[in-house]
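Two complexes, one shared chain (chain A), two partners (chain B, chain C).
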Partner chain A sequence: MAREAGRRSPAAAARSRAGFAFVSPAMLVMLLLVAYPLAYGMYISLFRTNLLNRWDFVGLTFFVQSLSDPGFLRSLFITALYAILVVSGHLLVGVTLAVVLASAIRLQVLFRAILILPWLFPEVVVALIFRWIFDPIFGLLNHVLETIGLISTQVAWLDDPTWAFVAVVGAAVWKGYPLVMLLALAGLQSIPRDRYEAAALDGAGRFAQFRYVSLPGLAPILGVAVILEFVWWFKHFTIVWLMTKGGPVDATNVVSIDIYRTAFQSFDFGRASAMAVIVLFICIAFAIAYRWLVPDEQA
Partner chain B sequence: MSKPSSAIGGAHPLFYPLLLVACAIVMVPVLWMLSTSLKNETELFRDPLLLWPEKPTLAAFRSVFQDYPFGAYIRNSLVVVICATAISLAFSTLAGYGLSRFRFGGRGAFLAFLLLSQMFPSVMLIIPYFKILKSAGLLDSRLGLIVTYVSFTIPFCTWMMYGYFRSIPTELDEAAAIDGCGAVRTFFTVILPLALPGMVATSVYAFITGWNEYLFALILTNSEEQKTLPVGIGQLIGQYRIEWNELMAASIYSTIPLMIFFLFLQRYLISSLTAGAVKN
Partner chain C sequence: MTLPKTLPMLLSLGAVALVPALAPSPALAAGELVTLTVLSSTIVEGPEGKAEQGFADAFMAENPDVTIEFIGVPANELYAKTNTLAISGEMPDVFINSPEFMAQAHDLGIVADMEAVLGADYLAGFADGPLAQATVEGEYQFAPWFTIPNTLLYRRDVFEEAGIEPPTDWDEFRDVAKQLTVDIDGDGQTDRWGFAMVGSNNGSGAGRFFLVLRAHGAEELSADGDGWVTGFDAPGAVAAFQLYGDLVADGSVPPGPLQTSYGEAVSLIASDKAAMMITGPHTIGAVLDQNPDMAGKLAGALLPTLEGVTPQINLGMFGWAVSADSEHKELAARYIAFILNKDNQVAWNLATGRLPTRLDALADPRIARPELEGFIEAAEYGYQVPTARFYPDLFGVAGDNYQAVIIGQLSAEEAATDAAARTERLIDNNR
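Right, the complex of A and B next:
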C-alpha cells in the first residue's frame, strides 16, 4: 500500500485507504470464518483423525484412496448425472415458461405468481411433500395411478433404485425451475423489441425468432445460471437425504451424502475432508468457466 | 393483454394448455400438503384415500406445539437467522460500497474470493467448523450457528450489495465530495438512504438462505432446545409412525414467513436478483 501510495497523488492514496477501510471488516470476517476453516479442512484431509486425540499424518493417502475407490467414483458419477439432469430440467421448464409468460398472455400476473410458488418452499418441506406423495400405501401418486388403472398394485417408488433417482431429480426440478424462469423472463424483457421486428420483416416465424433472437439474447444470462446451478446442485444434500438417505443400495448416494456419512457416521474425518477437497476442485473447474464467461465482472 | 407493448409475440393457442398443466403440477403438491394438514388421524390413513378432509380441523396446527418443542425450534431459527442476517448486512453494505467506489490493493483478489466462495461444497466447511466449534465450546449453541450462517451469507450479500451500489450513479458521491463531505459522511448521509431497497432485498435473501439451511444445523446442534425449524421438521420423518398431518402443518408454518416476504417485497426481490444478470 505504502509503495503504491508513493507513486500516486495524496488524494488517490487517501481514496485507496478509504476503500480498504470500508472493505476490511468484511474481509476480516471472511478470512476468519471462510478462509481459515477452508484451510483447516485441507489440513485435516492429510491426517487419519477422530478430531480428538488421534492425529496420524498420512499425507495424500486419502486422496489416492478416494480416487481409486469405485464407491466414491460411482457417487461422483451419480452426482454429476443428478446435477446435469436437474439443471437441464430447470433450463427446459424455466425457459419454456418464461417464453410463454413473456408473450401477450392473459392473466400473466396470476400465472407468474403460481409458477413462482415452488421457489418459496424450504428444501426440507419440498422433500417431505414429495416423500408423502410417493408413499406406497397412503401416497397420492399411487392413488391416482390406481384410480386411472395404470398400476394394479401399490408401488414403493422410493425403494426402487431407478424410480428413487427419478423422484429426487423430479423434486429438485420442481423446487428450482422458478429461479431460471425469473432470470430468463427478465432476460427476454431486456431484449430490444426492434430485433424481433427486424426478424419478422426478414420473414422469420415464431420459432425462428426464438432461435435467432431470443436464444442469443438469453445466452449470457443462461450461461452464468447453468454454471452456478450446476455447482449448487452438485453439492446438494437436503432433498436427497430426506427423501432417500442416499438409498436404495446407493442409487441416490450423491457425494454430499457420501462425505456426510464418512465423516459423521464412520467418523473418518480425514478421508471425508479429502473427498470434500476433491469436490472443491471439481467445483473450481466450474468457477474458472464462470469467470471465463463473465470477464467484465473482474475489471 | 395488460402490457401489449412489452409482450413478445402473441399468445400461441398451445400456451394456455401448457400453462394450465404447469400450474397443476405446481398446485397439486401444495394443495395436497394443505389437505393433509387439515385432516385428523383417522382421515389421514383412510382407505380409499380422502382427497380433501370431510371435517377439516386445525388440530395438527395446535398439536405440533404440544407434542414437540416446536416453539423452541421457531425461536432458535428466528434468533439465529436474524442475528446472522443483521451481521452480514452491516459488513456487506460497507464492503459493497468500498468495492464499488474505490480502487485499492487486494480488491481484485477479494472479488475473486467472493465468487470462489460460491463454489465451496458446504460439506467442505462443515468438518472444520465441527472441530472449531467443539474446541470453542460452541457446539450445540445458537452462537455457534450464527457464526457459521454469517460465513455463508456474507459472501453473497457482499456480492449483491456491490451490484446494487454500482447501479447508483457516482455523480452523487462526487457532488457530495465537492460540498466537502468526507468518504464516511458521503456514505452515511447520501448513499446509504438510496441503498435501502438493495439492503432490504439483500437481507431478505440472507434470511431465506438461513431459514432454509438444514445441513449445518443438523450437524452442529443436537439438543432439542437448540435445534432449528428445518432440523426439527426433518427429524419428524425418522419416527416409527409418521404423523403426516402434523408434519405438513409444521411445513406450512415454516413456509409462511417466506410467502409473506415475497408477497410484500417481490418487486424488490426480482429486480435485485435479475439486475446484475441482465445489465451485464
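Right, the complex of A and C next:
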C-alpha cells in the first residue's frame, strides 16, 4: 500500500517530465554561464598556476594568505567604505530628486529626462569626464575655483588620497543616482494621496508628511535598492580604475582593482581567484541578508 | 617639419624592397587566402600606427593572398592582453615582445624559437646589443624591431635661451628643473615647469624610475648566481626616492604627477608646459604629431648620474615574436623580415624617431640626425633587463613607493625599505 501511495500517476510523471523539459534550457544556460565559471574560479584558487602549463596544488594557502594580508584587508575596508558612501549618496540624491519630481513642478517631464541622463552614459565616459574635471592644469574644477578666487594655485585633486577618494565616490554617485530616483519616484507615486490628506488634516507639515507617510511607504523599495546597490558597487571597477588606477598609492584601491592587478599584472591567477572567491562569499552574505529582510512577495 | 611629407615615399620604397625571405612561401598553396594576426601596441599610437599600417598595406600589396589583421592594444596593457590571449588559446601569429615580458612569455610556452623561425644567418644581421637582450635560456625570444634608449629629452631652444647646458648630475638636474619652472606671461601663475615627471603607478612610471635608480648606483633587481637580489634599500635608491619627492616639493613638476603617464607627459612637452622628460627618441615623433611647431626644438642628452656612477640606459626595445602555436610561422617570418628590411627600418625611424636594430639600417646616414644624437650616444649604455618572470611585479612595488614619497606618506628611507622587503618576498615566492 505504502509503495502504491508513494508512486506517482503516469499523468503526474508526464507533467513532471514536461516541467523539467521546460526549465532545462534555462538551467543549462545558468549552469554554463554562472555555475561553471564560479566552480572553475574556486578550482583555480587552489592552485599556483599560469592557467597554461603550471598547476601546482596549494590547497587553501591563498585564502589563508589573503585573509592575513594587511593590503587585501585594507582594500576590503576601502571597498566597503566606498560602497557605503556611494549607496548613501544615491539614496540622498535619488530620494531628494524623486520628492521634487513627485511634487507638482512645471516642466516635470523635461527635468525627469535630464536627471536620468547620467544613467544613460557609459561608465567609461563618466570616468573620463570626471578625470578631465579634476585635471589640475586643464580641468574645469580648478578653472572655476580660480575664477571665483577660492584657490590661487592649481590643485592636483587626484594626487591627494582624501580628495581622490571623494572624487571617485562623487563620480559614482553622479553616475548611479537615477536608478534610486526612479525607484523612489515610482514608490512615491504608489502611495495613496488620502494618506497625505489625512496627515495634513492632523496638522502634519511637509517634513512630517515625508517622515511619517513617504518614508514608511518607500521603505520596502529602498531596502531592496540598498542591498542590490551595495553588492553592485562593492564589485565596481570601471570608474575607479579609469580615474585613479587605485591610487594615489592605495587610497582608492578597491578590491576589484586589487584582484585585477594580481591576475593581470602579477599573473598570479590562483591568488586572484582566492581573493575573488572571498568577495563572492561577502556578496552571498548580502544576498542572504536581502532574502531575510525582504519577503518573497516584495522581492 | 618635412619628415612626415617624406613618409609615403619611404613607405613605398619599403614596399618594393627585396629581402631574401620574401620569396613566395612554398607552404602556401596557390590561391590560398591566409590571414596573419598581429598583436601590436604601436599600431594604436601616433604617428607609429600610420607608419605600421603602411608597412602592412605594402606587404599585402606584395602578397595579395595575405591579409594582415591587427589586434591593437595600448602599451601599458600589452602584457595583460598577451597573457589573456594565451590563456584563451587565441594567440595571434605575431606579437610584440620585450625584454621586460619575455621571461613571462617564455614561461607560458607561447614563443617560437626565433632562431628556428628566422634562421641564424638572418639573426646575424642585428646589432649585438639589442639581440643579446632578446634571449632567455639561450633561446631567441623575438626579433628586435626598434630601440628607444630612455634618457633625457629636453627643449633645446629653452635651454639655449636660458644659457644652460643639459645637467650631468642630479644636483644640477634639480637646479635646472627649478630654474626652468617659470611664469612666462607674468600673470603670477607658472606656465612651464622644469620636468615632466611620469609618476603614474604603471610600467611607464616605474620604468623611468628604474633609470633614475640605476643612475644613482642602485639596481631594482640584479642576478646573484642562480638567484636574484634587490638594491632597493641601497643608499642610491634612498637618494632616488628622495629626488622624486624633492622635485615635486620644489614645484619643478607640473601639478598632478601621480596622474601623469607617458601620454600626459608627451602632451605637457607638446603644449610647452614642460622643458624636460625622461624618455626615448620616439617622443620627438609623438610631440611633433601633436604640435609641429616643436620641430627642431627637441634634443636628447645622457641621463644625469651620481659622480662615479656609469649610466645605465633602458633600450626600451620592442620586437616581433612568433607564436609557438602559429600555423603560419613561415609567413610570419616573411612579414617580420619585410618590416625589418633596411628601407622600412629607416622609414620607421624617420617617421617615429625609434632607432633601428638592423646593422644595415643603423649604418644609414639618415639615422644620425642632430636631434637623435643624444639618444644614439645613450644607446651605448644599454643594460640587460633582468629576465626574472616576476619582473613586471616590480613596477607596482616601485610605483607604490615613489608615489608614497611624493605625497609625503613615507620618507625616502621608509619607501626604500618597503620596496626592498616586497621585492625580497617576490624573490622568495619565485625561487
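Quick notes
Simple rule for what comes next: the second predicted complex is superposed on the first by the 277 of 299 C-alpha atoms of A that agree within 3 Å, B and C clash if a C-alpha of one lies under 4 Å from a C-alpha of the other, contacts with A are read in each partner's own complex, and residues count from 1 in each chain.
To be clear about the criterion, a residue touches a chain if its C-beta (ideal position, glycine included) is under 8 Å from a C-beta of that chain, and two chains touch if they have at least 3 such contacts.
Remember, predicted model here, so these are calculated numbers, not experimental data.
Comparing chain C and chain B on the residues of chain A they touch gives the larger count to B. Shared-chain residue A:V180: touches no atom of chain B or chain C. By the document's definition of touching, of the two partners only chain C reaches A:F267; chain B does not.
In the superposition on chain A, no contact is made by A:A167 with either chain B or chain C. Contacts of A:L91 after superposition on the shared chain: neither chain B nor chain C is touched. When the two structures are aligned on the shared chain, A:L51 is found in touch with chain B and with chain C. Chain A uses residues 51, 131, 264 to touch chain B in one structure and chain C in the other. By the touch criterion stated above, chain A contacts chain C in their complex at residues 50-54, 131, 135-137, 153-156, 158-161, 244-250, 261, 264-267. The residues of chain B lying in touch with chain A in their complex are 1-4, 6-12, 15-16, 18-19, 22-23, 25-30, 32-33, 36, 44-45, 48-49, 91-92, 94-95, 97-99, 101-108, 110-113, 115-132, 134, 147-148, 150-151, 154-155, 158, 183-184, 187, 211-212, 214-215, 219, 230, 233-234, 237, 244, 247-248, 251, 254-255, 258-259, 262, 270, 273-274, 277-278, 280. Residues of chain A touching chain B in their complex: 1, 4, 15-23, 25-27, 29-30, 33-35, 37-38, 40-41, 44, 51, 93, 96-97, 99-100, 102-106, 108-109, 111, 114-118, 120-125, 127-133, 138, 140, 143, 174, 182-183, 186-191, 193, 196, 206, 209, 214, 220-221, 224-225, 228, 231, 234-235, 237-238, 242, 255-256, 259-260, 263-264, 269, 272-273, 276-277, 279-280, 283-284, 286-287, 290-291, 294, 296-298.
Put simply, chain C touches chain A in their complex at residues 79-80, 83-84, 86-87, 104, 107-110, 189, 200-202, 254-259, 273, 390, 392-393, 395-396, 399-400, 403-404, 406-407, 409.
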